[in-house]
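In the part that follows, the structures are each spelled out as structure tokens.
Look at the two complexes coming up: chain A is in both, with chain B in one and chain C in the other.
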Partner chain A sequence: MNLVRRLVRWSIAAYAVLACTNDPYPSTDAPVKVLYRPFDEAPKTLDPAVAYTTTAHDISGLVNATLLEYHYLKRPYVLVPGLARAVPTAELRGAQTVYRFELLSDLIYQDDACFGAHHGGARTRPVTARDVEFELMRIADPEVNSPALEPFAHVVDLLAFRQRLTALRAADPAVAVLPVPEQYARARRIAGVAVTSDTVLELALAEPYPQILYWFTMPFTAPMPWEAVAFYDGQEGRPHLADHPVGAGPYRIVEYDKQSRIVLERNDNWHGARHPEWRAPGTVFPVDVPAEDLGVTVPNTTPGAPLPFIERVELRREKERIPAFNKFLQGYYDASGIVKESFDKVVQNDRLSPEMSERGIALRKSVEPAIYYVGFNMDDRVLGAPGGNRAQRLRQAMSLAIDAEEYLRLFLNGRGVPAQSLLPPGIFGFEPAYRNPYRTPDLPRAKRLLAEAGYPGGIDPATGAPLRLTFDTGDTSAEGRLNYTYYINSWRRLGIDVELQATSYNRFQEKMREGGFQIFNWGWVADYPDPENFMFLLWSKMSRKANNGPNTANYSDPGFDALFLRMKAMESGPKRLSIIREMRRRLEEDCPWIPMFYPEQYSLYHGWLHNVKPFGMSTPQAKYYDLDPALRAERRRVWNRPVLWPAFLALGLLLALVAPGIATFFRERQ
Partner chain B sequence: MLAYVVRRVAYGLVTVVGVLFLLFLLFFTITAPDDVARKALGEKAQQEQIDQWKRLHGYDRPLLPGPGHVRDNMLVEHFRRMLTFDFGRSDADDTVILDRIKDGAVPSILLTTPLFLVGLCLGILLSLFVAFFRETYIDRTGVFLAVLGMSLSILLYIIGAQFLVGKLLRWFPISGYDPDPAVVWRFLALPVVVGILSSLGGNVRFYRTVFVEEVNRDYVRTARAKGAGDGRVMLRHVLGNAMIPILTNVVMAIPFLFTGSLLLEAFFGIPGLGSMTVDAIDNNDFATLRTMVYIDALLFILGQILTDVSYTVADPRIRLE
Partner chain C sequence: MQAILEHHWFSNAVVAALLLGSVALSVFVHRNELWRGAARELGRRRPVALGVLAVYVGIGLADSVAWVDGRMQGEDVVSAHQPRSAVERAFGGRPEKTYSRPFAGAELYGTPPRPLAFPGRHPLGTDILGRDTLLLTLRGVRVALLVGGLTSLIAIPLALLFGVSAGYFGRRVDDVVFFVMSTLASIPGILLLIALVMALGQGTLQVCLALAVTSWVSFCRIARGETMKLRELDYVHAARLMGVSEVGIVWRHVLPNLMHLVVITFVLMFSGQVLVEAVLAWLGIGAAGSWGQMIAQAKDELSREPVVYWNVLAAGAGMFVLLLAINSVGDAIRDILDPRTRRERE
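Up next, the complex of A and B:
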């Protein structure tokens, strides 16, 4: 009897030990529609006026509803109303351009403790146009440090408000400790932001700037309750606003542990949840589903259904890419990129491998609205404008020696589209048929141009030796070195000797600011889908050296500038296209950049995740996603059965190895 | 002994002052505050924003004391903060560093305590085992495996275990952490096993040497002659007499249980202090980094004092004077 009892006890203990599982989630969550995603580093801030990274927007964009949104499915991108009733149109009032935003009525914020502190225990309050004005004043506030200041500098009186506020704080230190709304009131409101009622806000711009509307799709301009700014100050155990956003979006944060887990749940106060009968844009799945998405991404039952489908969004921290990818393959993350180390296993002949297809995984590719390029310092006497025609020919020759397609194949598994101009696909002005005469590799022509530049065979007549140039980078990694060696070898075929100068990133930035460089490479990801957001990268006013702007090549061409200023405020149409073509022509001849490639995103999605369409802009799309938790649980169960026999085998081998030795030892000793 | 401890503490304080000076030189004079600010604020930051960041983080003060700023300078502020344990805010994300240390200590201790205790017991038992069977193939195989084990990088253990145990055998999650007591063991099991295995080779090699030396001593022969069994001889006499070298190894490690393991935490996604230190290195978060270096220095001094004191407990013949 004793033996039986002992056996049962040991069996239970053995089961407890062996009932191991690699499931990182509680079993109670299996039937729930939870979207699991990894993050490698928590955002530095979720303050919507400040946050400017994709990870931050992935979270704050779900918490903070914006006045406008992008249509989820249509390409090229189309603006649709969010909290606003309609997408405003420009209205000319004298010299000013005015946009009139009318907010939906009966909008309220998520429940939050900050409201109770100022409104007698209330958990929420209505969203008003004053809250949008407050957020615009925060963008202007130098203490907030908003990176969106530059585009909003077009708003009448905004920069003057900023100066008034600074002067007020400097003149009287007592002002600086007053509640922020009071400080703003004392600095007098921004004249270009008129709130005419609780739901109407008029924005006056000193000059036409139609791109301002795109900024209203980003969390920067989402209504901000002043109570949240006052309450979440980091004092007395309260978190900072940077870690506790309060908004009126479809989700709210319920757990924010930057080191391990961020959890968002549906916000029952969101207007889509409170008023599904409105069927407002952005609160129901679009009904006008483009033909190419029907049956591919969107099940037939989805169009017109109220959002959001996902109950909870959970982000788990994964500092390393490979474990995160393996957990995706085990079914514990719903979507993933592809790690370089596994690319050949996942993608074969540019298609999903049979192994992945059998698991029901889907591959979706999308070219991002971004460009990577090699730039020349246009202030340099050898390569830049001071070098005149000789330098121009040299730049053209160097461009002809670089094969972007080969570069993509060698370093990015072909994930990218060779660039012909600075405008990527999906941006107005991109023409697939366009070919830059200096971007098809042609070594003989490059050598001819080099000779015309006065460097026959790459020899600098001043020294009688190969022309020496420097390539600056802030990437000191071994992988980076390999990368740059490709460029250097390409130019060596022309006889030019390019030396790599890899320094710390800070030192590199310093060199860029001071103009102490010759060649560099860089990238740009669009803030919004408009050619202005790319062309301004070569506008002389944006020069890095002169104005610390994003024109890192310090390119300056009055003709290009004049065309840019005309193009920037125009509606997209044939006139604008012809100006863009002329700008493109000037750039291809001047060649301040070697446009390299438009990066291509390869994303993997499990078969249980629906309604997924890659979206190049930095706005979260989780409210449109749907998933089938039963299918996910079943797949996870099948894919993750623990394999226990190796444990028993190892134990057996160990005993077999040791037991004879022990037996012999004792036998000999006796 | 009290006088000895007081003297060691006084030496320790001098060392701390030296460490603080070195930290000041490393973190305040080599990298320009503008670069730290730019890293924190991002590429698009304007000079105005950088100046404000420096003001908020105290990097706008003069570096050294001088006329008009005898107390209001970075050197004095650095010493004040460190000596009062008011570490300020992270350069990377403005988190209060002391809060972050409090939050990170729990996962670190949960990881390192079982790793340390089980690793120590297992190391000693295996060493006693191979020492007992010395000069047999069990001993030789044990030594071979120990040398092999200590020759491999911990990175290989980590990646191998994640691939074999997490991916192929599917016994435990590959990485991650959940503080829920019902599931936290799932996430800690694999890093604990990896930590034990990676240190086992070195431990077995070291302890075996100590034990083999003791096993050949006269008192062991005497104990056997008096009829003591193998278990009693090994566990009581041999182990008891080998405590000094073991304590040197072990007591020194105890204070560092708190600071966690850099690589294990980073690779397994455990949000402890080791992981926090790696993040600080990645993000040029000098405020956090100098705090962790300072804490490590304090723990090292504490570990040395504890080790000395522990000798007197293990061997009453030792007197600290």
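Up next, the complex of A and C:
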């Protein structure tokens, strides 16, 4: 009898197991508008003054509202007001350029415990211009170590404030333990940041720098309550500010386990939620773009509707790309990129495959404002400026030998646009018709240039053997080696023998800093959509060797520098374009880089996700998205029907094996 | 030093030395009754495995003999000025643009796929850069033999030196050697390997050195124990009483009695090192051109659609057959040379 009871129990347990689904989410969430997204790398910090990775911006950009934003639909990118009433214009006051930001009134932060500790149990408090000033001081603070310091160095007295603060802390250790706002007050406020009322802040720049406005679209400059900095110090069980951002954005974090799951919910204190009647830009879906220019299909009810549509954003960590992509195909993530390995299954003839189309999946392609390039060390005596005209011809020849289109086809499934200059599409100065005379593969011409450089057939007269160069990389992986072998093989066709030197990434960085290299490759993703953000990569003041800047090629051309300084301070227009053309001409002749490609993002979206327009830059746009949870639940059910026959077959086989034993057992007992 | 080691004349000289050495070894084996019998027994027991090994060694040697002839391989201008091995000359010179299936006439991807420059001429297909997989697999033989052979040739003398010294002289020498062995044995092998390769730099020789440093300890323990046993034997005491020097005793009475262990360890260590190198290649720090590197480069290809299986399969098969043959021969050698199993047979 015992045995029969056991068998019944086991059968119930087996049925329970078989009745399980593969749905990783609770069934109660099915009717809710939850946006599910994967993330691969745990964010190191969400402190808006410090965070600079894509994942971190994906989160902190939703929590922290900024003074300015980008128009969601317009391209080229257009600035619109965020927390500010209007996008400020430059005002010349003597030698200074002043921007006057006026904040909207009646802005408040998300509910948070940090306010209660300082304001008698209050859950929130108003956002003021002082909070923006406080964040700018944090950018200047050497202990915060903000990566945004360089652009804000244009602010009058900001660097001096930094020095005063450092000196104060060094002179009196007691100052360093005071609350941060007190320390800042003792170091005297930044003269270039004037707060004239609770809602008005004036920013004075020592020289014209129109690009500063773009930095006000990023979380670096979002208003920061000093209470959060004081409260979230990692003491007495409180988290660090890096793990607990406090902002005035459309969402707030309700669960933060950065190794596995991050959940954000709508922030009811966001001004868009409290004052939908304002219809402020960035709080309603834009209506000022004609339907034919939207670049995305949106439901009729969407334009002008208040944001956000999504109630919750849930990010789950997926360390591996392929499982994340498979979960997208099962409907458990709403959007995805395309893993290289499945590209040919998903995209055929540059269009979505019939299999994917049948599932209602949409493919959106967008060229990112980024560039990948091969660079030469311009300090090198063979390849760089010391080599004079010979080196210039050599660089031009090497550029002509590289076929970017073929590279894209082999390694990126064609996902990219071969680059002709360093300015990608979407950036002022990009001209689709422009052709760089050294970027169309032409082997015979490359060989002629190489002979003019003094290396006929690639032979170095000094050694009588093929010219030997080195290509440095910090990628030691086997796949990486294949990439570099492509370049090396291309140059071998000219007769140049390039040796790959793959080292650890730290050693590679060290070599780049010391200038002990000849060829390297790297990429750059725009911080903001302005040509200055690309051209500065070759500005001599940004030389990596001299100033540890991003000009890794150590390119230095006084003519280019002069043009850069003029272009940098100008508003976009015909004059600026003509300067950019001249800069481009100089670069194409000097060839300090081989511009390779502008990466193209292929994104997949399920049919239930609406209003998605690829944005390019790492500014989260989830507040504009909408989704249909009923359709999602239905599709998930259809796509994830359990295949039970193998389990039943296994059970049958098991019974067939066990049954004779049971029969023998009973027979022997009788 | 590195330049000399990488020069093709050095490689050619090593091949010549190896050939001469093998002739000398065969003469020695032929003259020595014990070894002659063992060789005959080995040939009788494992003819196929020995044949396979001979083929591998032949390919490895053919790939080590290189010369410059001023002729280009495909469009590769540099190849006209660089030495190319006999294997490269026989199987190279048919580059394509990208992947193609075994014996295919067109590339794997693309709509429509582009025709190959050498249709039907790639028995094992081509990789992402259009390189012939058969050629890459054959070139992996030399690297495998080099990694297995060179590492064993560095590690075994090192282990013998320390093991015999510790076992024979004992006391302080034993304490020091045992301390070093214990220290090395307590460090996770793979971490030590990664650290050494990072410190020494990437290259076949460096990988061999790192593998040797991490693999001599186990044989050193065996050599030490065996020497401790041998030094107490009557004929060793007799030799000492007759005034034979300590070095002389080690040379004439201890080392010859360890030779069977050396041969067995060499064979087992050889196959082990080839496998460990594959792990290092997976981590991105293996020897250039190894099968491990081929597998690491092709690991994502198995999840492609359509699947690209031929690179992993070719490298895996190359490694599997070599290791199977070596282990099979090693097993037979152990049976033949081990005094206990030999007594049982007799």
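Points to keep in mind about this one:
The rule we apply is simple: the second predicted complex is superposed on the first by the 629 of 670 C-alpha atoms of A that agree within 3 Å, B and C clash if a C-alpha of one lies under 4 Å from a C-alpha of the other, contacts with A are read in each partner's own complex, and residues count from 1 in each chain.
Assume a residue touches a chain if its C-beta (ideal position, glycine included) is under 8 Å from a C-beta of that chain, and two chains touch if they have at least 3 such contacts.
On a predicted model such as this, the values are computed, not experimentally measured, just so you know.
Using the contact criterion defined above for the overlaid structures, shared-chain residue A:Ala465 touches chain C, although it does not reach chain B. With both structures placed on the common chain, the touch criterion links A:Asp233 to neither chain B nor chain C. In the superposition on chain A, A:Asn489 contacts chain C only, with no contact to chain B.
Touch criterion not met for A:Asp106: it reaches neither chain B nor chain C.
More residues of chain A are in touch with B than with the other of chain B and chain C.
Shared-chain residue A:Lys345: touches chain C; no touch with chain B. By the document's definition of touching, neither partner reaches A:Glu91: not chain B, not chain C.
Using the contact criterion defined above for the overlaid structures, shared-chain residue A:Gln259 touches chain B, although it does not reach chain C. In the superposition on chain A, contact of A:Glu499 is made with neither chain B nor chain C.
Counting contacts by the rule stated earlier, residues 322 of chain A appear in both its interface with chain B and its interface with chain C.
By the touch criterion stated above, chain B contacts chain A in their complex at residues 31-32, 35, 38-49, 52-53, 92-96, 103-104, 133, 136-138, 141, 159, 162-163, 166-180, 182-183, 186-187, 189, 266-269, 271, 275-276, 278-279. By the touch criterion stated above, chain C contacts chain A in their complex at residues 75-79, 81-82, 97-98, 109, 111, 127-129, 198, 202, 281-282, 284-286, 288, 293, 296-297, 299-301, 303-306. Those residues of chain A whose C-beta lies close enough to touch chain C in the complex are 322, 340-342, 344-345, 348-349, 406, 409-411, 457-459, 465-466, 476-482, 485-486, 489, 492-497, 502-504. Within the complex formed with chain B, the chain A residues making contact are 20-26, 41-42, 44-45, 52-53, 142-143, 145, 147, 149, 234, 240, 242, 257-261, 316-320, 322-324, 326-327, 329-330, 332, 505-506, 509-510, 548, 550, 640-644, 646, 657-658, 661-662, 664-665.
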